[in-house]
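I've put the structures underneath this note.
Below, subunit A partners subunit B and then partners subunit C, in two separate complexes.
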Partner chain A sequence: MSAATDMTPAIAIIPTQKPARDESARLGFRLTLPAQILVLFIAVFPILMQLYISLTDWSPLSGTDWWNAWELWNSFANYTDLVADNRFWSAMWRTAVVMLVCVPAEFLLGLALATLFADEFPGKRLLYSILLMPMMVVPAVAGYMFFMLFQSGGPVNDILSSLTGTRVAIAWLSDPTLALVAVMIADIWQWTPLMFLILLAGLVGVPEDQIKAATLLGANPWQRFTTIVLPKMKTIIIIALAIRVIENFKIFDTLYIMTGGGPGVATETISVYIYKVTTQDLIWGYVAAIALAILIVLSIVAVWAMKRMAAARVAA
Partner chain B sequence: MKRSIPFEFFRYAAILAATAITLIPILWMASMAFKPIGEWSATGAELTWWPKEPTLANFRFIFGESDSSLIVALDRTATKPILSSLLSAVFGTAIAMGAGTAAAYGLSRFGSGQNLPLALIQLRLFPPMAVMIPVMIMWAFLNLTDTWWGLALVYGIVTLPFAFWLMKTFFDDMPREIEEAALVEGCSRLRVFTRITLPMMRAPLASAALFVFILNWSDYLIALLLTTREWVTVPVYMASLSSSMTGQLYGAKAALGLIAAIPPVIMGIAIQKHLVRGLTFGALKQ
Partner chain C sequence: MSAIHLQNLVKRFGDFTALKTMDLAIADGEFMALLGPSGCGKSTTMNMIAGMEDPSEGKILFGDRDMAGVPMGRRGVGFVFQNYAIFTHMTVRQNLSYGLRMRGAPRAEIDRRTGAIAELLQLTPMLDRKADRLSVNILQRVAIGRSAIMEPAIFLLDEPLSNVDAAFRAVMRTELKHLQRQFRQTMVYVTHDQLEAMTMADRIAVMDHGVLQQVGTPLDVYNNPANVFVARFIGAPGMNLLMGRPAESDRGLVVDLGPLGVTPPLPDELAAALRARSGDVLYGFRPEQVSIAAEGRGLALPVNFVERIGARTIVHLGQGAGAVKAVFDNDVRVAIGETLVVSPVAASVRVFDAASGVAIGGTG
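And now, the complex of A and B:
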């Protein structure tokens, strides 16, 4: 008893670091807890569940609850089916084509616009705001805008008619090739502003004295651009491209509203393909296998992208 | 730097061309929203960029007034889908911002939750389509399918990475002297967070919340999979405004599209200076 009363003042007078650190650690833990629970709830648990279902023939129509899916165990049949699924691979290929056209186009257009906006000029603020608008339009609504524009009696053909002087009535969305072109135009329209925004932020961050020095040394604008501006913007360019590659891979809303993946499967990208298999064919065990295969590939990309971003933050 | 006159001319020509291309789709839809049914699918010489007889009939139609020129009456109006979109986006934003802000502060100040940055980047990376099977099963089990609160929960989780990363970079940038002074004064760490840090961060919090709201409001795919009838959101409802019997209800859809498009555009312009930070997960600041 007496020992305890002796101890108490000593602690009060000479506080050690430990209680404060404990308090911080406890509060830090409590503050991060809700986010951790949400991640477990939507990421960790669902992915384990998906792994389990992907090894079975389970579907919502099979009449058993999902946890009894082992009754329909099929080992790795879904995965071997996937390797031989032509519709899956052609959807993958189509997604890659859309990406290989859209992302470079968005990048080059965005970079060109950013270069034009690099210094001050009258009307800059207003024009800047207008040029950013497409990326804020709800993608489904943007899809509907382009659905209207590309009707065979619609405004796009009307503009083409007045440019060529002949009556143009192309049925954009019912031609397999042109439908894909139309879908890509819509994506480029909506997401060039994002490239423009990010690249402009990078461009104004390039130190002006270096550019001036290069000018004094006799470098022409093109040399200044390739030897100073581009190297300085390397990380930013990688981030901008990574963001668009990731988002473009998911392409669904605009495309699905415009064509529904059609005509036939002409514009069926990977998200549209999974959506159709999910809602029409209802073979969820198989869908789980597709989804999981994609998630594994993307996780590897995520780790890589994360390292790039960490590097960028250190550099900034 | 002085620029030559030909350069200035070229610059304005290029920028104005880009502006025109940017505006054409938006203006076409805006114009369609005010066109009477007779002008909806006019082609050739009949096609006009401005409504010849502007009317509010399309707006009245989607809010329930029957239109004598249309055979169909809507079996439901746009009111409830708008409510559904609003409720799910607002509460989804609240969930993302609540959990995201707390976690960002915990990581930024106390180093807790080191796994979150990578976990949340991965969460963002996944196509929603690739994790929806388990979510659909769970939501059906929990009776959350076709409710705005079930949708809000998914939105809260899907946009959590943005809320977390945005707030983390804001907290990292904030000078700590005031917090440290309050600690010396004897405030508890929780009190410092709720009474000093959060009020100081009002403006960044508002920008982050608007950013997250735009993302939630813009969703189509998740609502398409998780709502069927009662609580469909605006984009899902909009896609249903056409059938084999009626054809495309162009004007009605355009009116609804205009209503859906206006709030995020205004909000986006309001938070322009934080857009870069938000879109690059804080890797870049403007």
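And now, the complex of A and C:
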């Protein structure tokens, strides 16, 4: 509490929101009512439906409509199953590994490229267009491209062969570890451009005179980067990371076409697992429970990002 | 402490020459204002001194040291930006100590010097405030303090008051001049506001279109403009300039202004200089150096417009090439349409060559 009291002078300067007058609040409510109903139907309603189904054994083959799923009520059995489901936990773990490799790699590559592109150099425009192309490729097509590239007789092995001078015939997609590596390479290839684009926008927005001022005060390029550029980019970095963490968590199309989650379950991420349970096992009550668990995880990420962003905005 | 010598400095941007052969010597500890309208090359000159831009030709010396190839971080130059360029994501303390921290100074030294500079600039109470919500005068002090803590030999200020409202500018000018006296550094101050230059600078370098027009003390450039540009630019309103031809009269040499009549006789020194040459001249006098004369002893002009600005009254006389402004006390009684006979104070009259615009005769 004492810390909060110390902060009051700084906070007092920020115009505080006055309690809205009842009348204007009511008018605002009426004006936004259609939008609120829309949001209710596209966001709130499905979640409630999902929650409802997740507490039952309902599936499309149950012979009842979903709103009658209470007939198959099983309390929290789906959730207790989930806690004990090894395949679920290993899919979660795999998803986390992919995310922890891909997102930092995309971030660092994107940041390096953005730094490069913040300056002028010959051929910049052309290179810029080329660099953005992976992002525009339909993920399923990208998946097929990488599926072909990583065949044992494919270009990746050919290139490795000519580089090493010996014939390389790695069975990328049938080796449990290498298949995961290949999938991650495809993701990094496709999504580094997005990271690059967002970070470049942030980099261009860093006030140039502050960088000049830092230079005149004797800061070297690395010091300028860490003390001026990065702090100024904090908000945009959080946005970029949050977008990629959330998207990467849901990694599916490219991966599914490349490996189908295999060999075995070696590349089965959470989305692939859900897909399989949904289409093959058809136990939708359980799927709803998994999906809700993931929603909670992603919500935590989103809330964290928003809090950090708010903090960064106050700081910047 | 350091003197600055600019030798034959030229700056070109592609086909455009921003600065044409500039020679300027700024003494150690001097407050030099670079004054001129926008696009005159003053900021370019400053950026070259700071090392943000490289000269196309010529040399910049700090003392005896040639600055060619010395990067801006190593020049020992303090720079105050037009918008101050305060690091808004840091506290005042972090701003002040930035240079020392980047240089890796010992922590104790950083604390000591930051404390000292904050004390000097009366920033101590707000050391731990975030720098993004400070008022302009505090921002100015932080900007100066942040540079001053590095003890630069030279201080460069790029129109630091241009974002400040008029009423506050006077306060800031006083404060800035006071700070300069405290630091005693060589200061180069870029501005388009002659009032700032006149009030603060030891000497003023007037520039236009990339050409240095005149260097002198504020009073010198006001009293003895080297050419027509300086005469018009300095002073508010600028000097009156009337086209005419020298002519002998029984009272001495006068200037025949054509339809406006004949001027009062010129002072001897000026008359002598004018007799030694030929051709049309521009007859110049300050609006402030005009008195209302008796009939036949000055220029008879119709009053066109009267501007009462409080302490003084600016009377606009005549039209077109014969337009003259005169500044009187606020209680002067004039009415639009009446004819006023005005006479310039003889000692304040300046004459310029009509073709080249250069001042004729000895100055003073």
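Just so we're on the same page, the second predicted complex is superposed on the first by the 255 of 316 C-alpha atoms of A that agree within 3 Å, B and C clash if a C-alpha of one lies under 4 Å from a C-alpha of the other, contacts with A are read in each partner's own complex, and residues count from 1 in each chain.
Operating definition for what follows: contacts are C-beta pairs under 8 Å (C-beta built on N, C-alpha and C of every residue); 3 or more make two chains touch, one makes a residue touch a chain.
From a predicted model like this one, the values you see are computed outputs, not experimental measurements.
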item	value
Which superposed partner A:228 touches (first subunit B, second subunit C, both, neither)	second
First, second, both or neither for A:47, with subunit B first and subunit C second	first
Which of subunit B and subunit C A:209 touches, first, second, both or neither	second
Broader residue contact with subunit A after superposition on the shared chain, subunit B or subunit C	B
First, second, both or neither for A:220, with subunit B first and subunit C second	second
Subunit B versus subunit C as contact partner of A:246, first or second or both or neither	first
Subunit B/subunit C common contact set on subunit A	316
Subunit C residues touching subunit A - in the complex, by the definition given at the top	50, 52, 72-74, 77-79, 81, 83, 85-90, 98-99, 102-103, 129-130, 132-133, 146-147, 150
Subunit B residues within the subunit A interface of the complex	1, 3, 8, 11, 14-15, 18-19, 21-26, 28-29, 32, 41-44, 47, 49, 95, 98-100, 102-103, 105-107, 109-113, 116-135, 137-138, 154, 156-158, 160, 164, 188-190, 193, 214, 217-218, 220-221, 224-225, 234-235, 238-239, 250, 253-254, 257, 260-261, 264-265, 267-269, 272, 275-276, 279-286
Complex interface listing, subunit A residues touching subunit B	23-25, 27-32, 34-36, 38-39, 41-43, 45-47, 49-50, 53, 60, 66, 109, 112-113, 116-117, 119, 121, 127, 129-142, 144-146, 148-149, 151-155, 158, 167, 189, 193-194, 197-198, 201-202, 236, 239-240, 243, 246, 249-250, 252-253, 256-257, 270-271, 274-275, 278-279, 284, 287-288, 290-292, 294-295, 298-299, 301-303, 305-306, 309, 312-313, 316
Complex interface listing, subunit A residues touching subunit C	10, 13, 207, 209-210, 212-220, 223, 227-228, 231-232, 234, 315-316
